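Two complexes are shown next, each including chain A; its partner changes from chain B in the first to chain C in the second.
And then the complex of A and B:
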């Protein structure tokens, strides 16, 4: 039996590796292909095709009708704006606030710091569903300055969708972990040069925090973009609803599957774009996590 | 860690900002004072109405028409609509109740109403004498002897069949007065399955989980003589769910799947939607809401047949979405006036024409396109009138429904019938005990 040469063995290994990678990639890509292809088909055809390979092929009666119908059924642009607005504001505020909190834990000396940090990390284990009702009670009794003066209760507003989610224990922890591993010399040199605490934060630490900013931004973005339970509990007006709640509009007595797929295709685009924009920094953050400075 | 020793205190930062904050606070208070003085009194009393139909443009336009008519017909109240998606509507109501923020008028699914009434979310209606005289029983929501809600329509289920199929197999077409008996129905299923023309003789809709199970399948149990709970006391399911009749139903139910007469719990949702139309299934157990679409696909050959009678009469489920008034409403008089306005026959007929459901009165049925004499869905009004039985009127129904669904799925998958029903009874009774009888009896 003739054995393979080293070169051929390498080629075979590379071929096998690519085959495996393609297989894994297909597992992730196929649902998206199914979603996009199904969004182009009428309901009956979509359902009939779902049991065969045709489900992944743009064949049969193909059109953009589902998109037109979905836009007609749901005020999609309004929902889209609401989600973009609450998400962007939340992400920006969360990056700012959580990084500052982590900066404090990592670089400032104050009494009880270790205890507070432990408490914040301990909140990881509390799922949102557990605090949802107490949180509802809290926001319902908080004051807010509205057009009619001071109002009690935050329900049915943009700020009730944003403010409770700015401070985020995971974000603080991730920033803290990243800051803690930075070389001491960076901060000490800045202090010797007379930099203030604010200058150290803004000019020394944050400019080199790109990877962790991307990671926290992506995680926060996903959490806010997919917000569902909280808006259900707190939002009454259609004008303030986020895009994920809009998905429920399609589940009528006769479910509009094609429109659901069209809606989901539109909803997924910003998530993909946001991830692709920050992909490099995100991967870098994961690749370097745990490496000591 | 031994680093971060450059020791900057927060105290300096806080002192520095405290002075600035005092000035900012003064400005804010001044602005608040100005804004508070600018309020404009509203002459009309606003009635808030929450509705579950977001995403259904037809329902929305009909409801807005009713609201506009009401708002123009009088000058004391203005009804303002907020729409919610049906799938999450109940969660929004419960959250609003917790926050003390319920609207004046709510709509509520029939079997959910007792739970909301018991929880204090709703108050009884105060409609004019005789306002509900002509209503289908399933469209009236009663709790402890008082009417809490009223529906503009009802829903019903029937057996979908093709006339050509029944005639080809020499099968009698049943009527409301003379439905198939249990044995006759069973023999028909065997006959259709044996013909080899169909993948399954009967599609029960096992792919539709959730409320479909108790709504659509408990009538079979009731026709056997059992029930999900003892309706004479509402304090136990012992003897009715797991008694002789209950076990007979369970054994028949299990045999449907063992004999391969019906697809089981692994049924593909797509097959449920298209299987009967495509000819995979000979018969289908389905609701009237699917009638128009199926008629469009199958044509005049389609028949809507009454439920079989397993010995205690033919029964179908009843009660759909209904209007009620929240307990926190300070404008109950206006809310009652709106509901009484909304239940006029012309509106019931408009809803029926728009969304295909059964008008709640005979007068409205006569005005409707599908349920008037000779209409494609006329048979459903008779079914609702003669066979409808509302699901158990108890706040414990939420638990009963979940337990019943699980028991039926387990039995369909081969679980021991008696053991499964006994376990279901234990779970239902425990929940009733945990909730001190849900307001029934002394527990």
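And then the complex of A and C:
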């Protein structure tokens, strides 16, 4: 056997490396492929195929029937709209309020700031499920100005899905870290030129906060779009339910797996598209915030 | 002419309260605007995070229920006492009138445990306890009696989950990061693919993996069958008490490993290339480069990654809720799942809150340990 030349050895090594990378990629992607492929198959075939590698191939009786059936079973357009609405409003409000608070922490001096900041960081370690029940009691006793005057209790509404989640400590902290590392001269020069604090925030700092805006937007988007327990606890009317809660409709009586796969695909594909659109900024700022955190 | 300090003294109380201690009065604008800009976020955090947290804390000392005809009573540490009560009890063999040990079919006979744990005035500290586990020690049986068997199971499971997944997920993430940390074409495509499961909802992931773990024609059994040329006996991964928890661990690591891979990658990129070149000139091999250049440069990242995974792992909930509901045989009970089940499903808010507080204290201790470890380095 002839030994390989140096160049061929290098080529072989690179080839092996790619083979390994592709193999690992398959591990990460196969459940998602399985989901989309299965959503195109009738139940019988879906269950039969999941015992073989046909589970990953769009073969046999392929159709969009599951999507049609899922749309019929669940008011999907309404749920989709509800999720888009609560998510968009929350993301917009979160970007505004969290960046504004972080701006104050990073550039303005006021008493108690250090204490408040460390309290905010301390709240990182409270898992949401731990406060879900007392939070339910809180929102149930808050007033809201409805069409018929002041009403008590926020249950069964859009705002109960939005307002409690607008401010979040991780968002504030990520903005704060980003602002803190900007050069001081930026703000000082603007002040000497007579800019007001509000102008510095809106005209100087926010326009250069792109990467961190993308990160906070994606984190908030994921949290809101994937919300499940909270809407389950607070929303009774069908016309206010977000999309994840719709999954409940598929486990009544007999489980229709093809429809579930279709529904999961409808739920997941927008998230994946959103991620792919912003992934560069997202991955890079997770990386930078992680290293300093 | 007044000094800055005198001007400060004359300012209204609220201005003095907002200004930092030694700040001159002309900065009052900053202080007021700074407070106003932070206020909306702080108010929301207070109402929807801090107040609920303290409510849970308060309820954990009461007998509060969601709906109850009786008024709420203060019960002190009773809820915690029951959750955390662990007693070691030596059960002595049954003896006949002559003082000989009673045997039946060759096995030593013991009095029934409930004679000690139910209204026995001689053993008030054992009242209401249940057996967690027991073993033979000489002619006696040592029994571990606990106040809340399911909670203790959940606590141990959660600690095991965290202790296994932290090194496993952190280590896999590092391996992936090392693989991706090279200048090859399309490397960013792989990075994006490995990261993709992170953005998929845990509810969706858990439902999909129910198919993969299915005992009849699940994908995992299929793949293992093909790889072993049909020699693999199918396993009902989620239905077997020995495989259910490892199955949850593997799935959770699969979902989140991309996130920590990205953090490792960032850590790797802070290590200057000149260090590797110098090591190469000294004749270091790949392993030595990793051992003496890469790893020391990643110390802080390692602490961060481990702590983040551990804290997230302590909150284990969705996987359990969607896939196993704590079963089989309580093998996948978790602390948060128990807190939700008791507080929400059984409407026993006091007990759910007490479990939440125990969890919070554990997570708080982990976070403090992290601060201590990272502080020493500076």
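Rule of thumb we're sticking to: the second predicted complex is superposed on the first by the 274 of 293 C-alpha atoms of A that agree within 3 Å, B and C clash if a C-alpha of one lies under 4 Å from a C-alpha of the other, contacts with A are read in each partner's own complex, and residues count from 1 in each chain.
Rule of thumb we're sticking to: contacts are C-beta pairs under 8 Å (C-beta built on N, C-alpha and C of every residue); 3 or more make two chains touch, one makes a residue touch a chain.
Because the structure is predicted, anything quoted here is derived from the model rather than measured.
In the superposition on chain A, A:47 contacts both chain B and chain C. One of chain B and chain C touches more residues of chain A, and that partner is C.
Residue contacts after overlaying the shared chain place A:236 against chain B, while chain C stays out of touching range.
When both complexes are overlaid on chain A, the residue A:110 reaches chain B and chain C alike.
Using the contact criterion defined above for the overlaid structures, shared-chain residue A:59 touches neither chain B nor chain C, since it reaches no partner.
By the touch criterion stated above, A:130 is placed in contact with chain C alone, chain B being left untouched. Touch criterion met: A:163 reaches chain C, while chain B stays clear of it.
Applying the stated contact rule after C-alpha superposition, one finds that A:197 touches each of chain B and chain C. Applying the stated contact rule after C-alpha superposition, one finds that A:140 touches chain B and leaves chain C untouched. Chain A residues 47-48, 50-51, 108-110, 133, 137, 197, 229, 233 lie at the interface with chain B in one structure and with chain C in the other. For chain C in complex with chain A, the residues that touch the partner chain are 17-21, 23, 27, 29-35, 37-38, 40-42, 44-45, 47-53, 55-56, 59, 176, 179-180, 184, 190-197, 199-205, 207-209, 211-212, 214, 216-219, 222, 226, 254, 258-259, 262-263, 265-267, 269-270, 301, 304, 311, 314-315, 317-318, 336, 339-340, 343-344, 349, 352-353, 356, 359-360, 363-364, 367. Of all residues in chain A, only 43-44, 47-48, 50-51, 72-74, 106-110, 133, 136-137, 140, 145-150, 153, 155, 180, 184, 187-188, 191, 197, 229, 232-234, 236-238, 245-246, 248-254 touch chain B in the complex they form.
Interface residues of chain A facing chain C in the complex, by the touch rule stated above, are 14, 17-18, 20-21, 24-25, 27-32, 34-35, 38, 47-48, 50-53, 55, 97-98, 100-101, 103-105, 108-111, 113, 116, 119-120, 123-127, 129-135, 137-139, 142, 163-169, 172, 197-198, 201, 218, 222, 225-226, 228-229, 233, 244, 247, 257, 260, 264, 267-268, 271-272, 274-276, 279, 283, 286-288, 290-291, 293. Partner chain A is touched in their complex by these residues of chain B: 1, 3-10, 13, 28, 31-33, 35-36, 38-39, 50, 54-57, 82-83, 85-88, 91-92, 95-96, 98-101, 268-271, 273-274, 277-278, 287, 289-290, 293, 355.
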